[in-house]
Amino acid sequence: MKNKIFILTSWLSFFTFFAIFFAVTGNIIFTGLDNFSFSFLFNTFNNSGRDGGISTIIISTLIIVAFALFVSVIISILSAICIDYFSKNIRITKILKLSIDTLSATPSIVFGLIGNIIFCEFLGLGYSLISGSLTLALMILPIQTRIILIGLNSVPKDIRLGAYALNLKPFTSYFRIKIHLIKKQILSGTFMGLGRSLAETAALLFTSGYGVKMPSSLLDSGRTLSIHIYDLAMNVPGGNENAYKSALTLILLVFIISLITATIQRRFNLGQQEFVWN
Amino acid sequence: MSLAHNKTEDYLFKGLLLVGLLFSLSIFVVLFFLIRSGGHFFISTSISETLFFDQWFPSEQLFGLAPMITGSLLVSALSLALAGPFSLILAFFYFYICPLKLKSALNIFMDIFLSIPSVVFGLWGLVVVVPLLAPLFPPGQGLFTASIILAMMILPIGFKTFVATLQTIPNECLLAAKSCNLSEWSVFKDIIFKSYKRKFFVGFLLQVTRAIGETMAVLMVCGNIIQYPDSLFAPIRTLTTNIALEMSYATDFHRTSLFFCGLLLIGFIFILLLISRTDEMKYEK
Amino acid sequence: MKYLLILALITFTQHSYAKKNQVLLTGSSTVAPIMLDIASEFEKLNPNSIIEVQTGGSTRGIIDIKRGLSQIGMISRALKPNENYLKHKTIAIDGLGVILHSANKVTKLTKQQIKDIYTREITNWKDLGWIDKPITVVHKAEGRSTLELFLSYLGLKNSQIKPHLIIGDNEQGIKTVTGNPYTIGYVSIGAANYNIKNKAPLKLVALDGVKANRANIINKSYPILRSLNLIYTGNLAEPSRKLLAFTAGPEALKVLERHYVISPQ
Amino acid sequence: MELITDKHIKAKLTQMEQPYFISVKNICLSYNNFPVLENISFQIKKNEITTIVGPSGTGKSSLLYAFNRMTDFNPNVQVTGHIYCCNENYLTTKDIATVRSKFGLVFQKPNPFPVSIYKNLDIPLRENSKLSKTARKEKIISCLMSVGLWEEVKDRLNQPAQQLSGGQQQRLCIARCLVLDPELILMDEPTSSLDPISEAKIEELMVKLKDKVTILLVTHKMNQMRKVSDNVIVFWPKNNKTEVLTYGTVDQVLYKKDNNTFVSQYLNS
């Protein structure tokens, strides 16, 4: 009998999630779709965003997010390996894990301040795509490290012992053996990083700035989709309509990317296996 | 393998390890810069005066943070209470009960939910939820609305981490459970929850820290009043919304006090981690 | 370590940072959208100049000018006495309007009534001639120029005001008021007029009998006015001076029109 | 369309082959419609150890999983046919609970639950039977004794099962099946991942359990088959489909005259 209630509640949670999901995205899709023309995606920005297009903004978003992911994937793998490598020494792991967790918990507004100070002023990059993406990389680094660490810890004991038995150098044991085992975690970590960076507003406001022109280099200021939505919704009177349209484009963007990753997962069967009995 | 090849790999690994180490300690770089800009706030005002004082009027040199600290704590605690168990059950449903076709759909929708900007959540809250709640519980914006919106935002993070933890369960163990004809409830309660309790802690931890750190969405629906909330629906202000609201207009001393808020937030989370760290360490020994 | 990092970053960014004809403006988020449009008009006329506009608030505008990070600063208030070493040029004038929900029957408020509402002497709409419902007072966050203007108009200190809700930017205020019919708030008249034109359930209230429309702002009879200023230090490079002159030009007037603010002439 | 309905077959079966406990009739198993087994039929006697031998890839384990209805979770496996036990076709009945409690399954790799030793047995018992706490405790102790684990674990019952050795873990899994008092235990190469000493213990345990429960074993180890089993079923691939070459008691099959060379070589290896 308890089992029936449990199954019922889990199905219930499934449907409530979809209810919430369609409440929020439905609102965006519904208001965003009326007289949504594809020219909106391609022509450029004018009249402070009220009736122009968002082509330059989409491009600077993709540049910032791609660069941030690129940087953070490499560094998160390295720091996950570093934590795993020192797992024998309890004290070091404790400090490292503590610092990673605190970094992952730092609020995005504080990252905005810090990014502004470190990248814009201290390193002299000013309001630019690169300082925005580096701040983003710093933000999504801990989440990815954490998930890759879960992967590394779940490497079966016998593979770990096998590597020691063969007296493999740490480089080979990590970069030639274990890395293949954690491909799934790397992918899901990257995807969470992607999701988080596309959704980020507070941090980028103070670092990648407000620029609307087509960025000619990484040192130009560029505005991401979420900042554009923030500015239109909160700052520009009458910007509501375009804010919803940009939110709709953002959701379409993410939908396409998640479809691509789903197919990648299925093709390289990185996805978690079902209970295949043999 | 030639010896030379071996040597370069060692140095390469040491170098990469150093990079990994540096970046996992990057929190200290963040702290250094925060203290550099927010540090001397301490020298001029005593700690007790700021932490336990409830008047915040920077133009009149009053910097009481106590109501905001309670605001931050209450919002994140309430949103965790709402989203934590919900995402755990949803993750288990996705992992064990959900038919195959629905699984990829749920995953894709969760990814989309994860990447909706917090502004959109705030906007949706402000335009849809607040007018609904306003007649029932004036003024509509407050602790409760902020917790609902926050709970929705931290749901996918919990879901993803719990699924990642569940995926580390060896496949044979679940096959064995099925072959002994265990019901889903006993699999969840006896096998997964009992033995993986510590591991789920990471998911809850990520959720609550994200809730503490959220700014934009909370800014729009929490009413931003500096007070101890007297009811579940009273407006409150959290530390992060305080920074966001006043950062762009803060002059020098006010600005350092906002940096101090940032420091306080990190200190908060540090203590939270220390408490959780002690029992996680016990588990690992 | 620092130089190593910059070297690594610069290698694949061929763009040199300090361009000669680049003008950087930073400052108030209310002035930024207007300057963005004026900048794009300016760039259409002289293509080889590049104008960068960043927000961050009036204070950031002043800090960047002092530190020489930006060429021109944007502030949405008059200069304070201790800032008189900076030169300023008023590009627009914008009033501050008290807004109510359109369903609200109250049409005009005296200064004393607003003062009592904001200090919670009056707490119910029936005292102002409407139905018996509690008033929800919407107030702005500390440090905003609209807040300072409003306080100076009412002659109150911020600690005396007891609001129900505090908001950041104008649009958030407008959405809060349109969301709850029993609220009262204040935003810039330009923002309010734009939303009213787009059929938002909003209305502007006459202050002491003076209606909040263009005529009263032009003849300065409207009680709460504020000037949107561009501030700069003495020595200005050639493109910045051209941009400053351009802000008074005909194209700039059309932009001000679109933003529902009034040009200073 | 099946002309002979289930009822006919069942009636014919019951009066003819009473001693046969389980009769398997023309099982067809295909792995995402690539046929592996083609109408396999054989009988299993009660309280005896029947072993299925044959080269790998002939679908022995797949059949074993089909018994315990584990194939339901794998959409790309299709199983048709009849497995008759006490006049009920266990392959298609809706009541999976009785099928699973009647047919216990022991996997190749020991897989105890990641909980304490006592809990490993207590959880399935509490789930499938209405016994009280004390009754369950007695049953668990009796099962642990019957698998010969009781002396070794009686003072550390609450410690996690992972700390047991490979052999002990496998015996715990067998005890876990026994606790539901099944009628048939399916063993899929139970000793392939164990050291020789625990393998011998497991084989000895199988013989001991014969009087309580029937065992269907799949193995590659021929000496294990000779030592333990009563009758043998040989699966042999014929033009990429598997068919039952011979089945009968061990001595019948081993010393049959007309075995072709490969089969006898394989059996006597």
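The letters A, B, C and D name the chains in turn, as written, and every chain counts its residues from 1.
Just so we're on the same page, contacts are C-beta pairs under 8 Å (C-beta built on N, C-alpha and C of every residue); 3 or more make two chains touch, one makes a residue touch a chain.
Everything numeric here is computed off the predicted structure, so don't read it as measured data.
Where touching is counted per the definition, the chains common to chain A and chain D are B.
When C-beta pairs in contact are tallied for each pair of chains, A-B comes out on top. Taking the mean of C-alpha positions as each chain's centre, the chain lying farthest from the centre of chain A is D.
Annotation: 33 Å between the Cα-based centres of chain B and chain C.
Chain B and chain D have Cα centroids lying 49 Å from one another. Centre to centre, using the average C-alpha position, chain C and chain D are separated by 79 Å. Of all residues in chain B, those that touch two or more other chains are 100, 123, 127, 175, 178, 183, 186, 244, 247.
Under the contact definition stated at the top, the residues of chain C that touch 2 or more other chains are 29, 55-56, 168, 172.
Looking at chain A, residues 122, 206, 233-234, 274-277 sit in touch with two or more other chains. The part of chain B that touches chain A in the complex is made up of residues 6, 9-10, 12-13, 16-17, 19-21, 23-30, 33-34, 36-37, 86, 89-90, 92-93, 97-98, 100, 102, 104, 106-121, 123-124, 127-128, 152, 155-157, 160-161, 163-165, 167-168, 171, 174-175, 178, 183-186, 188, 202, 205-206, 209-210, 212-216, 239-240, 243-244, 247, 259, 262, 265-266, 269-270, 272-274, 277, 281, 284. Residue ranges on chain C touching chain B, taken from their complex, read 29, 55-60, 134, 136, 141-145, 157-159, 163-168, 172, 175-176, 179-180, 182-183. Residue ranges on chain B touching chain C, taken from their complex, read 55-60, 62, 123, 126-127, 130-131, 134, 138-141, 219-220, 223-225, 235, 237, 244-251, 254-255. Put simply, chain D touches chain B in their complex at residues 68, 70, 73, 75, 96-97, 100-101, 104-105, 107, 109, 111-115, 119, 123-124, 126-128, 160, 173, 176-177, 180.
On chain B, the positions that touch chain D within their shared complex are 100, 169-170, 172-173, 175-183, 186, 190-191, 194-196.
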